[in-house]
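What follows is a set of structures for review.
Next come two complexes built around chain A: one with chain B, the other with chain C.
Right after this comes the complex of A and B.
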């Protein structure tokens, strides 16, 4: 069937919707650059990157799961346990490190904890057919409980060479956390957007039937996306432990921001799909907003609301875009 | 194959069986678990608020959506209730105001979901964020606002027919929404929209109007929980409603495991709430510390879900020729 090209007005609207997000991003940057003192200084920009690292790495994990499961929120991929996974991993690392285990043991155990959480999520989603929303909500509860048992709801201060390196390290005037955020982002972007694995994962998420018919082991791919998400949780745990010099309570509160960022990231891709590069931009957008507000002395209480309004705006725009396609 | 055919119904019954077994276990090991005082305190202190939130959530889930802003609606109702009481309004006016503001949250959701076509999860997530900001700004970063001494409603002390008054509120909400969902035409249409959205669309059901109705009904009922919460703590504590969100979703889905078709119904949801409450209470009474209680509850919910979905899957396989 041949479809007529959309009328001129609609084409303009489409263009605006497609390029709208990057435009809005630049606009916000420009406003802050003009109004907030020091906003564009290298030190401040590097700071924003460093502050975005924890949320960003978690959002990468969620993005991978969404890519592999499809972006329908209820039936598609979702990992609500990510933020709690961070909390548990940080608690595991802090306890092992404080108990005098060697660096290798504590780091390995922490990464394994994150992977185990991912594996449990993946297993129940893939082989038992639980909706991800529900499965990861349930594991969120369980993980929160385990974290509480380990920490007894207190902060476990800890320090190690690794954490010192992460929190105090500096290369070319840019803090280590910023390097980790950028490095992880680029690496994952390469893996998911420019490799065979990534392309197949997209296929699995967008059209599982077709992917299966093409001979892709759909279940293993989805399972693996949850493992990757678990690893992101563990990585974020190291960053958080470095930032706060130990494990903290209430890391579960990051969850909603992570979900918001991952879905915000969708509009930064011209094809309105979840992508790592999109998530990088979304993380930075939220980071710049918070930073700009701080510099302008606007109450940080506004940040949540603006984030919420942004999600709504973005999703409404993208659903309109889909409808007009 | 024979084994699987036998196994499936057992698996389906496993959740109710677990419920009964745990109750017997607690009754045998925990002193006072079955005493009227204990059961009544569970009902008043734990069941009421979660019950109302979970009933609302049932409606949203039945229609194929979800409402992440139940906590927000609860908080905002609580805030306006307290503000109106402190401004000298009577209990009736303050309650009405609280319900209206809660319903406004629902209207906002309805505009987003039915009007703009945003998926319920993301729409209500956005509402949750905006609500959080609003509360922080209105309460200077999370300071509680207390009801002035002379304006305190003292609802929790009233009892009717020997039962605490708040229980009648849950009963009322559950009855209205339960009958609506299970018996009324609106309920049928909601379930149809939730289970077969495409068919519902082609049958000509007014899907937008249905989702809008659900959003508003959901938030308005939660307003009642806001009033009850404010009257029991004599004030408004910012962002306290979110604590109910995850448990309410959990209760609804545990409830669906009680149903043969895996459908959401208000009665089953309330059983789910009771299940969560009794486990928490029982573990407390046998002296588990709070942190292990969390683990146990989490593991139980996880187990229930696994068994019920695993069972349904087995059932599905065994039903094939």
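Right after this comes the complex of A and C.
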């Protein structure tokens, strides 16, 4: 039968999304390689990976929640409390460590804190049926409050074997943070893109009714995606504590970059879906931008502007795609 | 069906929702190797019965037996284990999944924790080819498939579970005619393999063509079980609505007047080309065509919703500038559109009957610059009686109305504006027979009162029954102009599929096969 090609505007949007992102990525690398001194040196590349680790791990958490809740920016999955969760977890770890608790206790309590935040988010979203945007906005405020109570809005310097290992460790010339970022990324990519759990989580996020009809316990899956996100928050807290030698204030400011990276990651997937591999690329893209600008002595504030422009492009293009369906 | 064993037996199923009795001692028996039809008006209890079967509702009383085993209060998963599978009206497949992923969702082929993607794809291709002779391009995603192809994937999914009973719930709503024919072939083949099939449809001619027995539900009760090969569709329809449907298509006799909508050389690149048509006062002009023929785009263009490349549109003698063609201008010129997607575009579901009715002509209910609730109410009550809208009241949200009554509200919106050119896009889709007849009656009244109606429909009997003339589109052109009294559904279909060009070419020579 005679079928019509999709309208011009949507074909352009699709082409832009599918081909444009990797091209832009390579283009940026090429420009920096040609103009910025030492950009392509192993040391610098490893540095970018290490600097990207905190944002990257947080963005993994957000990506998982978006996969399980659907990628609609307003009604889909979203975890705005992730960056604040990092702040709280780092504060918990620094306080316990400074109070003389053992490594196991401090680490376990930190991870449990992250999971608890995830559990609260998940419970509110799944059982109270609140839109994730509002639910996690509320928990963001709650967590910020808890962090303030704990730290009284000061920096809590701390040091431990774990933090030293994370900040100073180096294998094969690659810093520990870079290993953690890549390792976590690959592990989560396997879990979400190649396991039964991951595939079903995609089904839950995209078309819950279909998932339910296929016998998948939709609510548990969504709930669990928030737990995973909480664990990512705790993991990022260790990386941040290692990077800054303690808990810091104002970690909530990472939120916008994390959201930007997670949504930017969508364009690095051939099916234009959120994915861990896409998020890895998006994290590195932002990392390289920031790094290249530093090497070229351009104010890194420009990176914010570029991030903003990228989000706008991606969201506009993907909503154009959605309109075609 | 006399000797085959009973596959599915529902006995004395009752279900109340508050004070509403949805099912009252309903029974249904389906045998292996036969197709069992289930028909009834909307609200007759069909969907409640299906939901009881699917484990979504627990019946207040009654028993469900599958393959002779008694089941009570089961979860959807357990129902599947019992061998009961459903092909729903909406395709329950995630759009961004590959065929393999969608087919095996929930029962993935895996080694350890990992899904074997390429094995799944290969298996999917093999199954589709072997069962339905369907070959899809490698790596194709669900969203790129046609409704019919998605349905085949859905059926294949069900077959993977080795079903004893397969329930088709309005499977043809989104299909075009030749896909319906294909689906019927598939259903017959499944019957041949010994599966019991329950087939629910609004389209009685499908029931007639396919079913071995038919259960008719009315007000939650079984009113009859008939053999559709002996009982004609008209009689089944009468059983459903409990009144004679002798005049299903009330014919109005109006002498057509002047041309009120004159279209010449209308072209939208890539959609339709060089369309010429005249819609006269007091006339019902039918328009039909398969998906992709350009019919939908043409209707949207006529209401100013999609831009036109070239040509001219004249309304009541006044030429409309193509460049600034927009709904609000055409509306002012007297045009009204009843869109196909009633629930999304025809009515605002959360607004009340009153708000919907008066929405298109708000300036008419003004008093001192504000809306006069009294005038609005007056008009709404007037329309409610005129159209026979059944609702709890003028303040009831349209969401709570049945499909037929929602459609009447969509129509009332334009009537209260005194529009006189109506573009009706599939006005009776998804509406039960009783309400259909009422909608037909209203269309008849419209033209009697001097309106002109462009009736776009893929329901050919409906087109033949109502229209004064029928235009058939094929690949962006008007391929035929028929007078209903001198043609039949087969001729219209042949023209629409391109199997035959209008009368001047003798039928039956060198017909290109369509699928």
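The working rule: the second predicted complex is superposed on the first by the 301 of 325 C-alpha atoms of A that agree within 3 Å, B and C clash if a C-alpha of one lies under 4 Å from a C-alpha of the other, contacts with A are read in each partner's own complex, and residues count from 1 in each chain.
As a convention for this text, a residue touches a chain if its C-beta (ideal position, glycine included) is under 8 Å from a C-beta of that chain, and two chains touch if they have at least 3 such contacts.
The shown structure was predicted, so the numbers you read here are calculated from the model rather than taken from an experiment.
Engineer: If we overlay the two complexes on their shared chain A, which of chain B and chain C does A:256 touch? Say first, second, both or neither.
Structural biologist: first
Engineer: In the superposed arrangement, does A:128 touch chain B (first), chain C (second), both or neither?
Structural biologist: first
Engineer: With the two structures laid over each other on chain A, which partner does A:199 touch: chain B (first), chain C (second), both, or neither?
Structural biologist: The answer is second: A:199 touches chain C but not chain B.
Engineer: Which parts of chain A are in contact with chain B and also with chain C?
Structural biologist: Looking at chain A, the two contact sets are disjoint.
Engineer: Help me check something: in the complex, which residues belonging to chain C touch chain A?
Structural biologist: Within the complex, chain C touches chain A at residues 76-77, 80, 86, 88, 90, 92-97, 101, 105-108, 110, 113-115, 117, 141, 143, 270-271, 290-293, 475, 514-515.
Engineer: Residues of chain B touching chain A in their complex?
Structural biologist: On the chain B side, the touching residues are 64, 66, 112, 116-119, 121-123, 125-134, 136-137, 141, 246, 249-250, 253, 290-299, 301-302, 305-306, 309-310, 312-313.
Engineer: What residues of chain A sit close enough to touch chain C in their complex?
Structural biologist: Interface residues on chain A, with respect to chain C: 1-5, 190, 194-197, 199-200, 202-203, 206-207, 209-216, 271-273, 325.
Engineer: Contact residues on chain A for chain B in the complex?
Structural biologist: 72-74, 124, 128-130, 133-135, 137-146, 148-149, 152-153, 256, 259-260, 263, 299, 301-309, 311-312, 315-316, 319-320, 323
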